[in-house]
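A quick write-up on the structure given underneath.
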Amino acid sequence: MSEEMDMDEGGTVKKFMFVNRKAPYGTIYALEGLEVVLISAAFDQDVSLAFLDDGVYELVKGQNTKAVEMKNFSSTYRALEGYDIEKLYVERESLEARGLSEGDLLVDVQILSAAEMGEMMAAQDVVISF
Amino acid sequence: MSEEMDMDEGGTVKKFMFVNRKAPYGTIYALEGLEVVLISAAFDQDVSLAFLDDGVYELVKGQNTKAVEMKNFSSTYRALEGYDIEKLYVERESLEARGLSEGDLLVDVQILSAAEMGEMMAAQDVVISF
Amino acid sequence: MLHIINKSPFENNSLLSCLRVASAAKGHAILFIEDGVYGVMQGTAVEKSVRDAMANMAVYALNPDLEARGVQGRVMDGVKLVDYDGFVDLVAEHDNVQSWL
Amino acid sequence: MLHIINKSPFENNSLLSCLRVASAAKGHAILFIEDGVYGVMQGTAVEKSVRDAMANMAVYALNPDLEARGVQGRVMDGVKLVDYDGFVDLVAEHDNVQSWL
Amino acid sequence: MKFAIMINEGPYTHQATDSAYLFARAALAKGHEVTRVFFYHDGVNNATRLTVPPADDRHIVNRWSELAKAHDLDLVVCIAAAQRRGLMDENEAKRQGKDANNIAPGFRISGLGQLVEAGIQSDRLVVFGD
Amino acid sequence: MKFAIMINEGPYTHQATDSAYLFARAALAKGHEVTRVFFYHDGVNNATRLTVPPADDRHIVNRWSELAKAHDLDLVVCIAAAQRRGLMDENEAKRQGKDANNIAPGFRISGLGQLVEAGIQSDRLVVFGD
């Protein structure tokens, strides 16, 4: 049912931010959120992803879902670059509270302070959270 | 479809505790939890209810759901006595963190400390949470 | 920017995360709805955090949700109450909206 | 009594509530499953609370959930890892079970 | 002004769909346009015609259908989320070889692109979820 | 030992039903008895035969049906919770005047008393939810 719309919106380019604040696997929000992100790539908008709170766990290396018998979708974050989705922002305070650092993450990200994250959000046209 | 079971279980009486930790209206857990409690009254078991964390909000007086167009089920807590469900335990720490006191509640309850609540839980045969 | 908080701050971290991110700068507002409205009550463990944030942020709460929960008489000073009409106006007046789910 | 925690302690208050209620007395154990397993990682903001509770409580975590989340190498000392078989055994060994939903 | 609405939770379980409905109704009454309501995650469960809520409670699904009819609203149910959860229209049931379908009047099933499109074409996108 | 299981969340959305399934399978493999699996709240959504999950993912509903068949499990769906959410079997559809039904093989619809009964008749009741 991939009746995608006409991609030409008269050249409108909006700033879309997808806000990820939930851990993977415990609930489906991270997985289904990623599905929206991938679709958004087809619309030639200015797309960014924010990871804060438990959303930073989505990016942790070494996920292995064999024993829980669920689909491991963590490699999809690595594929985002191929869709020209390269603005991945991670909040520093969220990493620190969880004992994580940039080296624990499976993709290159830009680390922002809480205040910088707030400015980034305020500069968006559309903020979608899951 | 009220094919209720045979109520006579050879005289088995178990201690059932229903644990309420969620606020009313934002989610349905409090309302559907109460429906289980009412049914349990038919089984002649030793039933008690624990209210802690946001579950204490279920018992706050003066709920008026007219403008949200939802069903106000708070009066059902008052009806529990008629079902011989009289053991209602509320944790003191949960009330205090929310700026509430016993006088704000719409039914008579027994106030327990956190440690007393823990002992009460440990003494149960079946603990059902929502 | 309008931030919408719909979860109790005693159960969930979304209010404190929102304040951490948004309260440092001017221009952010918060609207409390659904179970989020417990965050604007007087005398609670989170009252000080919300009061501090009010130095920079406008704070609103959805009155129908306060009434449903029986807490409309316990709202902190300085919190502006709105109904669904006012909710619509707040969304229209701010350039963008974020729900802290 | 076995307490089951299935929510991240950074998002939700259920772990701290469980510890408040259950950690004062002997005889309580905790099993961390699903997103709850983030509660047994080293170096986090909740590590001290969990470590303090371990004075009185046995602490277990479901290894399949740790592995799914890539955090099985970061578990605090003293936490015992179990698989689903071990989960079943824990339920059988304790007189009753409470899930902190 | 043009509003788009995203709903992430199912009926009765979470207040999200109630809040979204009352918001949409108020926006329409004030003369705003609601360009699309997009149902995602468990939000797709709002689109089943098989609910039978208690007689003294609101009928969430019918309420959406009626609002859609009165205001020619576009109620879009995400196909991928719907497939995971067992929501389908007649065409989709045929395609999948299923013997039943359950979509209520006024809802249509389509792709995730419809959400991104709604974000582009509306002045504001408001997310209601958990 | 006799275990009863309660499941409060729907398939894919929350890990609760995955955990419950893997727990039940492990208990059966160890020679324990699973006296009943009771689906409540959004858990009733596990009982629809209309799901079509992605081909590379687990099929949660079928997995329950198959486990029930292999071990003669009693999978009970709460009637009140099912009515609110649009789950019904053929009899219930007739009674309610609905033109479709959606219950999967191996599940049966019954009253809340079945949960209390399961608590009385089993040695342990384990709740999986959100």
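By letter and in written order, the chains are A, B, C, D, E and F; residue numbering begins at 1 in each of them.
Note that in this section a contact is a pair of C-beta atoms (placed from the backbone, for glycine too) under 8 Å apart; a residue touches a chain by one contact, two chains touch by 3 or more.
Computed from a predicted structure; not experimentally measured.
Steps from chain D to chain E, minimised over paths through touching chains, total 2.
Shared residue numbers account for over half of those found at the interface formed by chain E and chain F, and the copies are therefore classed as meeting with the same residues. More contacting C-beta pairs link the chains of B-F than the other of the two pairs B-F and C-E. In this assembly, C is the chain whose CA centroid lies farthest from the centroid of chain F.
Using the average of C-alpha coordinates as each chain's centre, D ends up farthest from chain E.
With each centre defined as the average position of its C-alpha atoms, the distance from chain B to chain C rounds to 28 Å. Between the CA-based centres of chain A and chain B the separation comes to 40 Å, rounded to the whole angstrom. The geometric centre of chain A is 25 Å away from that of chain C, both derived from CA atoms. Multi-chain contact residues of chain F (touching two or more other chains): 8, 12-13, 15, 22, 41, 54, 80, 84, 125, 127, 129-130. Counting only residues that touch two or more partner chains, chain C has 6, 10-11, 13, 34-35, 64, 83, 96-97, 99, 101. In chain A, the residues touching two or more other chains are 21-22, 25-29, 53, 68, 70, 125-127, 129-130.
Annotation, chain-chain contacts: A-C, A-D, A-E, A-F, B-C, B-D, B-E, B-F, C-D, C-E, D-F, E-F (touch as defined at the top).
Residues of chain A that touch chain C in their complex: 19, 21-22, 29, 52-53, 91, 93, 114-115, 117-119, 121-122, 124-127, 129-130. Put simply, chain E touches chain B in their complex at residues 12-15, 18, 22, 54, 56-58, 130.
Of all the residues in chain A, the ones that touch chain F in their complex are 25-28, 68-71. The touching residues of chain E, when paired with chain A in their complex, are 6, 8, 40-41, 79-81, 84, 92, 109-117, 119-121, 125, 127, 129.
Of all residues in chain D, only 6-8, 10-11, 34-35, 38, 41-45, 47, 63-65, 67-71, 73-74, 83 touch chain A in the complex they form.
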